[in-house]
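In the two complexes that follow, chain A is the common piece, with chain B as its partner first and chain C second.
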Partner chain A sequence: MAVTADLPTFQPGAREAHPIARLVRRRLAIGVLTLFLVSVVVFVATEVLPGNAAYAILGRNASPVRVRALETTLHLNRGLFAQYWVWISGLFDGRLGNSLLNGQPVWNLVEPRLVNSAVLVLVTGVIGSLLGMALGALAAVRKDGWFDHIMSLVVLAATSLPEFVVAIGLIILFATDIWHLLPGVSLLPPGTYAWSQPQLLVLPVATLVIVIVPYTMRMMRAAMVEALESDYVEMARLKGVPEWRVVLVHALPNAIAPTIQVIGLGFLYLAGGIVIVENVFNFPGIGQGLVYAVDGRDIPVIQLIVVVLAAFYVVMNILTDVIALMATPRRRIAR
Partner chain B sequence: MSEPEVRGAAQREVRLKVTGLEVRLGRSGPDVVGDVSFAVPAGQVLGLVGESGSGKTTVALALLGHTRRGLRITAGQVLLDGTDLLALSPRDLRAARGARVSYVPQDPSSALNPTLRVGTQIREVLRVHPGAAGDAGDRVAEVMREAYLDPTPEMLRRYPHQLSGGQQQRITLAMAFACRPSLIVLDEPTTGLDVSTQRHVLDTVRSLCRSYGVAAVYVSHDLAVVSGLVSEVAVMYAGRVVEIGPVARLFGEPVHPYTRGLIGAVPSPERAEALAGIDGQQPRPGRRGAGCSFAARCDHATGDCTTEAPEPVTVAGRSVRCLRAREIQATHPERVPAVAGKPAAPAAPALSVRGVTASYGSTPVLSGVGLEVPPRACVAVVGESGSGKTTLARCVAGLHGNWTGEITFQGAPLARGARQRDKDVLRRVQYIFQNPYTSLNPRKTVGQIIDQQLKQFTGLSRRDRSARAAGVLEDVSLGQDLLSCYPDQLSGGERQRVAIARALVVQPELLICDEVTSSLDVSVQAIIVELLRRIQRERHLAMIFITHNLALVRSIAQSAVVLRRGAVAESGPVGQILEHPADPYTRRLMQDVPKLTRSETRFETHGPPSPRSA
Partner chain C sequence: MTVNAPAVPPAAPPSRPLRGAGRRRSSVLLAAVRTPRGAIGLGMAAMVVLAAVIGPLVAPYAPDALVTLALGKPNGQFLLGGDYLGRDVLSRVLDGGWVLLVMAACATALGIAGGALAGVSAAYLRGVSDGIIMRAVDVILSFPQVVFALLLLSLLGPRLWLITIAVGVSHAPQVARVLRSATLDVSERDFVKAAELQGMRPIKVMAKEILPNLISPLMVEAGLRLTYSIVVIAGLAFLGFGQPPPAANWGTMIYENRIGLSVNPWAVIVPAALIALLTIGINTFTDAFARVVIGVDRRPEQAALIDDLGQELSK
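Right after this comes the complex of A and B.
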């Protein structure tokens, strides 16, 4: 009997480009376009909208001579396109200009803040994602148990509180008379970085973690519940696979791919969420820097920070898609 | 299988013995299955057959001590080599699953983990059961060869989606046999596979069970598949085994009216017979009443049947759960030969397809396909999945616009897409979809679904429309009370009848039936096929009947077209194609079609009677 299967086999065969390479290339192209549009919008919003920057800086009663002089240094006397070109080419070759407030190079002002915020976002993102995934997975495994019910209550409460309320709540609890364990403000001497005094990071990180964990957790729980009810999990159990292995090896990898999208969104949210939290805690990051710069009409600083944030969005989106793709063999590898 | 062989089997060592198995909804809810008992000797396969909802999968899973959510095993024993699997501690049960008793799932594409390489998944069984089958590395290669897979590193490194359906099912077979279990439970493992692949898989199962003395329980709704594979059959209905015995006897001389009904409903590729379905529906758990669950659908039922639950009795070498088993055994079921459709008189064809080439994107699907449907005739289009049958139908209906060639309907060429066709052409060509669970709008009542069609294609007044709707429901044997029902209140067979009614109500001239019975149970399939056949005759319709089931072709069509990889392999009158296939591909398809082994039995000697007569 000719039992040997003459079934069609699927060869990876002649594939043009690796799906990941293709995705990155396409997204980078779109990302560059996005950044260009953002730069135009930022430029237009800060330079062209009402009021002359020179007047804004010097005040209404400034003498025309001084205004003219300042306009020349700021290139305000040149055409719109020329102004944009001066600014955008500066972004590429490091001529970022000086602060309008204190005349220092913009980069020197922004760089330490950038590093501090990056530390804050990264620490929060990593802790929040891991915690959210762990709690979500646990709630799914114990579906309809007491842990699951308590978690869904806690999550509901956490999502309904704005971050400044969470921040103030934490300050009252841990930085005042109740338990005076931690500093209520995160003041850093200029020129130092956040990791030199880790205790200053605790409350801002805790606030942001409380804000982002619920989203990751809910997604993880839903994805995990679906995976645990799937045919392949039933099959694994019927193969005699121990339950811990069913959860970790069979269900978890399938639940991670959809959760990664939410984690990516969490990071993007953090990039905006830090503005409020940094202000509450007086944490010297770019969020606070942005608020100061807007207050003082320090246009070069505003422009740089906004472009940096936009670049972060673009990079983060690409990264999320790449990781999600890598976690899904069905999409990563052609038949 | 001959008598002495069966007796020889009974003397062999009994591997699996199930007694009084009962599974309930919750701890004290209604029973889903109850009083299920059977035994399987080493090397033998028991077939567990029944329609959807009969409880066969529930029994299959209970053999591994497993139930789906909400169910609970409340009584019975599953003795495997003398140990009761249901009495084991969770730890011991886990150790037994995969090692001593293993499971082959219905749908390998969802039962294999999409994020793990197939090699990892096979190796895992050996890894979690150390010592079950010697050295794991060697065993993986060995068991893959046993399942007719190439144990190359490339194969092991693939993910499930990189394999064909047949290969995926072989992977699950390899996992099931990896630890050399005593018992294998196969839950409809060939549903969704092509006949050729199905035959390969069945051959693999048979040879593995024989060579390793494994007992197997093979769950299937397809009697023909089971008849070639198993030595004993248990027929399940509404959670009970209604008839159990050696396969040849049971299929040759069925006693229980339900078994008779099922067998009468199975189409034969060898003879043109009228198919007799079983009207009505299987009662759900909790609604089974006091008496025999089949009484409401049974032609033999008496008053006692509705009040007294039947106990199994031994009749003619098998056990039957029927109060009137002995009386019924004395009667013989009848089969009515289908009136052979007259070959179409030479006339201009109603539909003619010439040189149609179609593709999806850049993937070619059809190349130069031609066929003709004479007026008042039914043409079957057969072929394996991927052969382009549905694409051809969609081109004709205008649902797929990316084709070249010529399609003429009643002498006039058809435009490519439905949007370019005028309303009257659209009305005259009607399409019935494969899956009645998705082809009816769940938010509309049956009345609205039919009325919408009438509003679209006719200018009739409201009163005329409702008269037409009432009439068409009668034509498809549905009651008027269904007009206000939503599709989810209907059974699969009723839904498909609504879909047929929707097509018929606008008085089409060409009906395209795309695998319209493939998602239905065999008893319902028979009803739908007979319905379509009657309507096609009465209304003088031209019809295209697409199917992968060659056996069905006999019952409905006058001529057939065999498609292979998007091209016509063979076409001609049905008798010629089924009896003297010229093309090797058709011949192979015919060989691979599982046939119900009943030819040597009383059916032939007693001529063509009917299963519905008492």
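Right after this comes the complex of A and C.
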């Protein structure tokens, strides 16, 4: 019942048995089950389907001796369940084996990339959500004005553009022909951290922000329009509350809850978006690492990165639902 | 139920009984084309499709012939200049679209068919089938689309059919979610109950009574998924997972000519602009269509998510 304790105290009806606590338990159970199934899918896809990973790596004409040796390193000579067990327990105690390409421990390769991608996602997520909410609220307040109309077209265009087209556009604008302001490609060697040269983050973050803002903005606008047309806003206006206070104190909090879910979706999108964007800008994150690994059939690295991305997805999903519920006054007391 | 009414109205449009649905549907499509948005969107997409389809026939040079200077500037003979190896950019642009279009269309068809099958049966059959289908949906949804495709590609290498299937399969769960929530709504209606009481078999009820009433959300989904298919397939080509090198492909062209961006930017700008025009066009038309049938500018996928939450709470 830790969730109950976290609830804001002004909610009188929130004391008894909790739909939210029940929902959180349910979501957690489904999440754990999903993660387990995801791990099975990743394992089956990478190790079982193509006959044998050793042949996939060494090529079809590999000498039997080399295949046998690699099979032993990959534990392929054991039963399926034993193989899965070796792999899944490795995920928990950190013994993930070595990269097939250069023999280094997988974790040493992935860890700095993971940190870089986390920085990228976090910075983008925070900037994107705040910007999206601000623009959405503005469009709603000036509903059907010129700002609203222009924004609705911009949103439509931005939601249809592929990330790499946005990225290329930004590179053309800011890194080559027109203004040469920013580095178009990061020259950070893999294994270093992004914050050593923060200007390298600017274009990747800008690209991802442009791609996620429209979703947040559109939802914020819809929710805000609804809130502004509601009875309680009417009431506040009739009481003579100043308009800025009506917007910020009465309407805004009620519009944020539905928006949180879309912000969550934005973070989920980022898990996939970084794969493309990191490769455009040569940014040393897990997205770039994944493409390298798929190119070189570096199976242990693929497995780890895919599982990490999927886990992020599942955890974010649960988190978003729970936060959205807790932020909705009328859903908190639902039963 | 008034307590936890979703913040936005439910996803499914008011469904109509079967009678006359066909005529109304085509008039709805026409109505979408008549809106300014619909006309502009359709026009943009049609231009790109036309270029991609007749392009290979009118291209002045072979797409893989080394005919000009590497990264040569545009001139009278080579209207868009040369690419990084000295091939004619215009010819490669004209030749590099149709494979992308065919793959995107197949992936979309696969995703819509699979998703519709899964979503409608999950909602109508309920119980165990619903549980199993929705768990499978959760599992596939846990992979970002590009990552899911890359995972499959890591097995067999970048085969075009594998990319198409991977993208199609990664669409299915999202389609399934939207259609499940729409089906839950339709299957409560009287004409479905009437068919059931006549002893119609569940498969027939789904195919004859429920599916025809889901055509509008299905078409909106198809438009959205087509946009995303193009985005993902072009993105994979950009990452190097597409047709093997000498072949022209808009995504690949952007990647390979990136190094010459300051010398001959047209080799990057033109394929990027075509992809942009295509996706914006399709999405704009879909948006116009959705406005005509549903009446709000709102993604059905978002509504489905919020509906799910509402349903779970009211259990």
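By our rule, the second predicted complex is superposed on the first by the 304 of 335 C-alpha atoms of A that agree within 3 Å, B and C clash if a C-alpha of one lies under 4 Å from a C-alpha of the other, contacts with A are read in each partner's own complex, and residues count from 1 in each chain.
Keep this in mind: a contact is a pair of C-beta atoms (placed from the backbone, for glycine too) under 8 Å apart; a residue touches a chain by one contact, two chains touch by 3 or more.
Everything numeric here is computed off the predicted structure, so don't read it as measured data.
By the document's definition of touching, of the two partners only chain C reaches A:Ala222; chain B does not. Once chain A of one complex is fitted onto chain A of the other, the partner contacts of A:Asn282 are absent, as it touches neither chain B nor chain C. When both complexes are overlaid on chain A, the residue A:Ala327 reaches chain B alone and has no touch with chain C.
In the superposition on chain A, A:Asp231 contacts chain B only, with no contact to chain C. Touch criterion met: A:Lys239 reaches chain B, while chain C stays clear of it.
Measured by the number of chain A residues touched, the leading partner among chain B and chain C is C.
When the shared chain is aligned, no partner comes close enough to touch A:Gln197: not chain B, not chain C. In the overlay built on the shared chain, the residue A:Gln83 is in contact with neither chain B nor chain C. Once chain A of one complex is fitted onto chain A of the other, the partner contacts of A:Asn98 are absent, as it touches neither chain B nor chain C. Taken together, the two complexes place residues 328, 330, 333, 335 of chain A in contact with chain B and also with chain C.
Interface residues of chain B, counted against chain A in their complex, comprise 61, 64, 66, 69, 94-99, 102-103, 105, 107, 110-116, 124-125, 128-129, 148-149, 159, 161-164, 166-167, 170, 172, 175, 197, 200, 203-204, 207.
By the touch criterion given at the top, residues 1, 3-5, 7-10, 12, 229-232, 234-242, 245, 249-250, 253-254, 327-330, 333, 335 of chain A touch chain B in their complex. Residues of chain C touching chain A in their complex: 3-4, 7-8, 135, 138-139, 141-147, 150-156, 227, 230-231, 234-235, 238-241, 251, 254, 258, 261-262, 265, 268-269, 272, 275-276, 279-280, 282-284, 287, 296-299, 302, 305-306, 309, 312-314. The part of chain A that touches chain C in the complex is made up of residues 19, 23, 26, 30, 33-35, 37-38, 41-42, 45-46, 49-50, 56, 152, 156-157, 159-165, 168-169, 171-172, 176-177, 184, 215, 218-219, 222-223, 226, 257-258, 261-262, 265, 268-269, 271-273, 275-276, 279-280, 290-291, 293-295, 297, 299, 302, 306, 309-310, 313-314, 321, 324-325, 328, 330-331, 333-335.
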